[in-house]
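Structure first, commentary second.
By letter and in written order, the chains are A, B, C and D; residue numbering begins at 1 in each of them.
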Amino acid sequence: MINVGIVGATGYAGEELIDICLRHPNVRITHLSAKIDKPEEISKIFPKFKGRIGLICKEPNIKEIITNCDLVFLALPHTVSMEIVPRLLSDRKKVIDLSADYRLKDAKIYAQFYETKHKDKIHLSQSIYGLPEIYRAKIENARLIANPGCYPTAAILALTPVVALNLVDLDTIIIDAKSGVTGAGRKATQDFFFSEIDEDFKAYKVNAHQHAPEINQELSKLAGKKINVTFVPHLLPLNRGILATIYVKKVQGSRFKVQGLNALYKKFYKKEPFIRIKEEGDFPKLKDVVGTNYCDIGIKDSGNIVIIIAVIDNLLKGASGQAVQNMNIMYNFPEYTALL
Amino acid sequence: MINVGIVGATGYAGEELIDICLRHPNVRITHLSAKIDKPEEISKIFPKFKGRIGLICKEPNIKEIITNCDLVFLALPHTVSMEIVPRLLSDRKKVIDLSADYRLKDAKIYAQFYETKHKDKIHLSQSIYGLPEIYRAKIENARLIANPGCYPTAAILALTPVVALNLVDLDTIIIDAKSGVTGAGRKATQDFFFSEIDEDFKAYKVNAHQHAPEINQELSKLAGKKINVTFVPHLLPLNRGILATIYVKKVQGSRFKVQGLNALYKKFYKKEPFIRIKEEGDFPKLKDVVGTNYCDIGIKDSGNIVIIIAVIDNLLKGASGQAVQNMNIMYNFPEYTALL
Amino acid sequence: MINVGIVGATGYAGEELIDICLRHPNVRITHLSAKIDKPEEISKIFPKFKGRIGLICKEPNIKEIITNCDLVFLALPHTVSMEIVPRLLSDRKKVIDLSADYRLKDAKIYAQFYETKHKDKIHLSQSIYGLPEIYRAKIENARLIANPGCYPTAAILALTPVVALNLVDLDTIIIDAKSGVTGAGRKATQDFFFSEIDEDFKAYKVNAHQHAPEINQELSKLAGKKINVTFVPHLLPLNRGILATIYVKKVQGSRFKVQGLNALYKKFYKKEPFIRIKEEGDFPKLKDVVGTNYCDIGIKDSGNIVIIIAVIDNLLKGASGQAVQNMNIMYNFPEYTALL
Amino acid sequence: MINVGIVGATGYAGEELIDICLRHPNVRITHLSAKIDKPEEISKIFPKFKGRIGLICKEPNIKEIITNCDLVFLALPHTVSMEIVPRLLSDRKKVIDLSADYRLKDAKIYAQFYETKHKDKIHLSQSIYGLPEIYRAKIENARLIANPGCYPTAAILALTPVVALNLVDLDTIIIDAKSGVTGAGRKATQDFFFSEIDEDFKAYKVNAHQHAPEINQELSKLAGKKINVTFVPHLLPLNRGILATIYVKKVQGSRFKVQGLNALYKKFYKKEPFIRIKEEGDFPKLKDVVGTNYCDIGIKDSGNIVIIIAVIDNLLKGASGQAVQNMNIMYNFPEYTALL
């Protein structure tokens, strides 16, 4: 039984973490905090939790966190996490950071995309990118997890087999991604009003999104070569889910044959509890994964082009579910605990 | 050809007024203003108008309005209109005010529900409540129209025949109303974010909404007796439309018989261009009227209880469409001009 | 550990039963069947279950059901259940029937509303109406549960305290109910196409819905007097959830005072694990209960009228959740097992 | 004043044609027909038209059509149009066919994608592809218009400048398209039920859609070279609108420079009444065009890749609006009549 704190409990990821942790047999939630006007019962903020948890949510207080928690989930806006992480680590707490603060190993790229200097380069160099399908062994012993972004989770999982095995042209990877609205967080801008989004659809940050360098960093590591993907995110008029449609060009003399690609993906991911590969000709839809921690992937070998479609729930495998998966690995709980 | 100004052009009602006026053969839009950071082409703010109108939208300037306009639509938040109306009227402009400022004849009730003292009681006493089905003759010569609220338009049109003819118990009128999100205006509160509203439904201001006194005022006039309706509004996860389900009790010895009620409504409204009565057993749905200026009404005589269902587009018959209908009457244009 | 069959596994209620049973520590799903062209893995039909269950779904076969199951959930269309129930009961299986076939004790009313003669009056007279908040003691020993309809669950739970305690006028109860689309089941009529429902809202079966006699039956029992409610259901453009807004008139000399009503409801339901009463002035919204087995209720004492608002998830407390709650009671499992 | 018939009046495109024609000052609707059980007032089928049109909709009867109409819109399912067109043309009627029957000049490809042999090759060879931006001169004198598909309209308009001017690699054109649900027509399959689509998103007919050969045919003509695009359509949970995100690779030594591309598009389309090019860095969203006949296009020059985003209303510029635009050209009415 471990004591867990959730900082940033009132956002979408925080709300989801509470929900998962309440179902987790090895976890006791001992701390909830957020930027908040005055302390308030969490079940007042989220009436759906009434009768299930009695905690008060208040402004974060580092001492209280340290006193009450073994592990801390930080579901904070970018740039806020790195203010808190050093003190938590120095008190030997384990931290799973859902923000982008510890994901990009190159602080210059961080500064460019998040428009602020990085303030904690020491821990940045030690953080583990929390994608279990790639870094499971390192996650087991990690003290600081940089939980991946939602788009990168879908894109990297979809591309890892072909990139790691060097089967496609690395210079022309195109990722056309579509996300539900919770991906933007619970922030108060007019762009996210119901009447602006309902019955609408648009691209945004066209090939200029802050998740592109994260995807590039991980794919480049896999390929052993600098990769720059073309990445265009779009906003879907729905709550949850990401679908990424990915176009890659086969390399000349590539080893895989028609219908070989599905088998290759199945083999590549065969031990993974949360990756499911569709049958040849089948593609996943959002509903297959929303409410779950799965990433479902369909592949079509279409002449020179290979089309890969991956779906995740942006708040689960794309955020809080993956964070708990990481926690389960760190504490040697069965990896799927509270996630099925 | 008249010159028209729209103050509050960036809200939902303002946007809709632009759209209607661009289709109106007797209208030239000569002024657009709104609370806005810096002057901007209206076609930048609403790209759908690009190529159809070249005007700049800026902060309202009374002198410019007076110089450029014959008639002014005020699509402003409540309490702002009454700051401007006196000056417009003193310069002999005609004004159609879409806010609540000139609707409630009793300034005390206004103060109670809009939480501010009324500042222009002189014109309040002269304003005409812009519901053509009741006040057409007065609208013809009006200089200041108080354009009705969206809920009151639906509720009053649905109830007028039975209340005016004294057929139902006036003490137990129940109005269960449901509105799309644009009814709340384009305002920046977290309650109206997409993810708060999508797939949700709730009642709000339960029997405490500011449109109740407006309904009470008009029904009381019709009945010649003080009426207090029970009014519960609800928020629908969709953009446009109001559906009001109304429950009234027949009075003992009431003159109408089963199946007589439909005929009665048809006769009552037979000359009205924008009221359509459904056949016995048929009820209207939002889609029948969204995008139109119609109010469709269905009635069921059900034992002691009569159920009346009325639908309107809250931005058209419930706001901007009705405002243009009023303008058409004031200028003796065919009443349906630009509204079909 | 009990063996459970789900007949009608491909409908919304069936899908939900699978989901709940997969999380239930005392349940093994041993049979899945439905009206289906050819046998197919359930994880092909619902890809979200892939990796979690390997069963084939086929046409129902009574012998197989009897061989493999201790308890059978019937999630079938009305009139089909009564063909199967007698044989299951004669083989000493326990049955929880989610259809309407065993709810209405008066077979004449059944025939009138479901347009077919009842074929199993013997078991009809023995069935227990599966609303735990009223019939828990009888459910414990039941062999045949008539699981309540979705609208009746919300309406009866909302009205039980005031009706049982005789606090309101029983002749003028008005229930204005709004339901998500899954309430209609997964049936193929053009009325339920996306483009017919999206951005629309309407009333249907106005005071003529087959759930009215079910509500009347149970309220009449509570009151010891024949009750005929006015019941108008509406269709919301969303997937899940029912919100019922109920209007009742206080009886003269009624014992409760302003603010007394909330306390009364809290006291009435204080031992119920799935009923939550809102604070005075607070009302529930769909999101508070969607995905849960709770029924949340808010009450406003408003002069002569009392307004009661109840919300449930139509597929959980309104169908499959309540069915599992009944199963938990029948087998003496903790009542909330797999439902939190 | 011309007499117009609409065959297939009860589908989405037919409904939209009625709406546009009712606003058209030079058009009288003289015939409405559809596959229908029994003749019925069109205002019964679409209550929103009540009071605006009194026609009866019945089963199509060729003689009546020929007697009553100068021009006929065929808004029929594919393969039905070619049964009717020969007789209409032989009676010297003008025909605008919204189906795919006269679009693909190669009858073999038609047979492959529409799974039936073409039965009217003579007229197929004479039909004019009704995309005014390319074929305006031919449309003026046409007797049979093959009105373009919705996806092809968006894709071809977006690609014409770079393909016609030979600026991009023709072998690697990728079209990632997203459409609202009305694009599928008003047909009764379970895939299009509200609860299957709401809150979901998916790709379908991945690189196997029947609109791909239509796009290929027209782009190949423009390029003077065989083109095979990669085309992946997706289904959006909304009613109306198509957004196509297109990825093309610049050719080595291509003549255009950064920021030159926007100017090039503006120049290319400068006389077109319904094409609007966004400013550099701006991209269109569905709401900019839904309810209009515009196609809005945004372009980003992004290293080796050019990203082009085009939006249309699938029922207007993608179907009925474009059909009326074609009619306006054929009869020498101002091209935008009834379309603004």
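Everything below uses one rule, namely that contacts are C-beta pairs under 8 Å (C-beta built on N, C-alpha and C of every residue); 3 or more make two chains touch, one makes a residue touch a chain.
This is a predicted model, so every value here is computed, not measured.
Peer 1: Name the chain whose C-alpha centroid is most distant from the C-alpha centroid of subunit A.
Peer 2: Farthest chain from subunit A, going by C-alpha centroids: B.
Peer 1: More contacting C-beta pairs: A-D or A-C?
Peer 2: A-D
Peer 1: Distance-wise, how many Å sit between the C-alpha centres of subunit C and subunit D, to the nearest whole number?
Peer 2: Here subunit C and subunit D have centroids separated by 46 Å.
Peer 1: Express in whole angstrom the distance between the two chain centres, defined as the mean CA positions of subunit A and subunit C.
Peer 2: Between these chains, centre-to-centre, one finds 37 Å.
Peer 1: Which integer distance in Å separates the CA centroid of subunit A from that of subunit D?
Peer 2: Here the centre of subunit D sits 39 Å away from the centre of subunit A.
Peer 1: List, in ascending order, every residue of subunit C touching at least 2 other chains.
Peer 2: As it turns out, subunit C has residues touching two or more other chains at 196, 198-199, 237-239, 284-285, 287.
Peer 1: Can you name the residues of subunit B that touch subunit C in the complex?
Peer 2: 171-172, 174, 176, 178, 198-204, 206-207, 228, 230, 232, 234, 236-241, 243, 245, 247, 249, 283-287, 290, 298, 300, 302-305, 307, 309
Peer 1: What residues of subunit D sit close enough to touch subunit B in their complex?
Peer 2: Of all residues in subunit D, those touching subunit B are 22-23, 47-48, 50-52, 198-199, 273, 276, 278, 284-285, 287-289, 291-292, 294, 296, 340.
Peer 1: Going by the contact rule at the top, pick out the subunit C residues touching subunit D in the complex.
Peer 2: 12, 181-182, 186, 188-190, 192-199, 237-239
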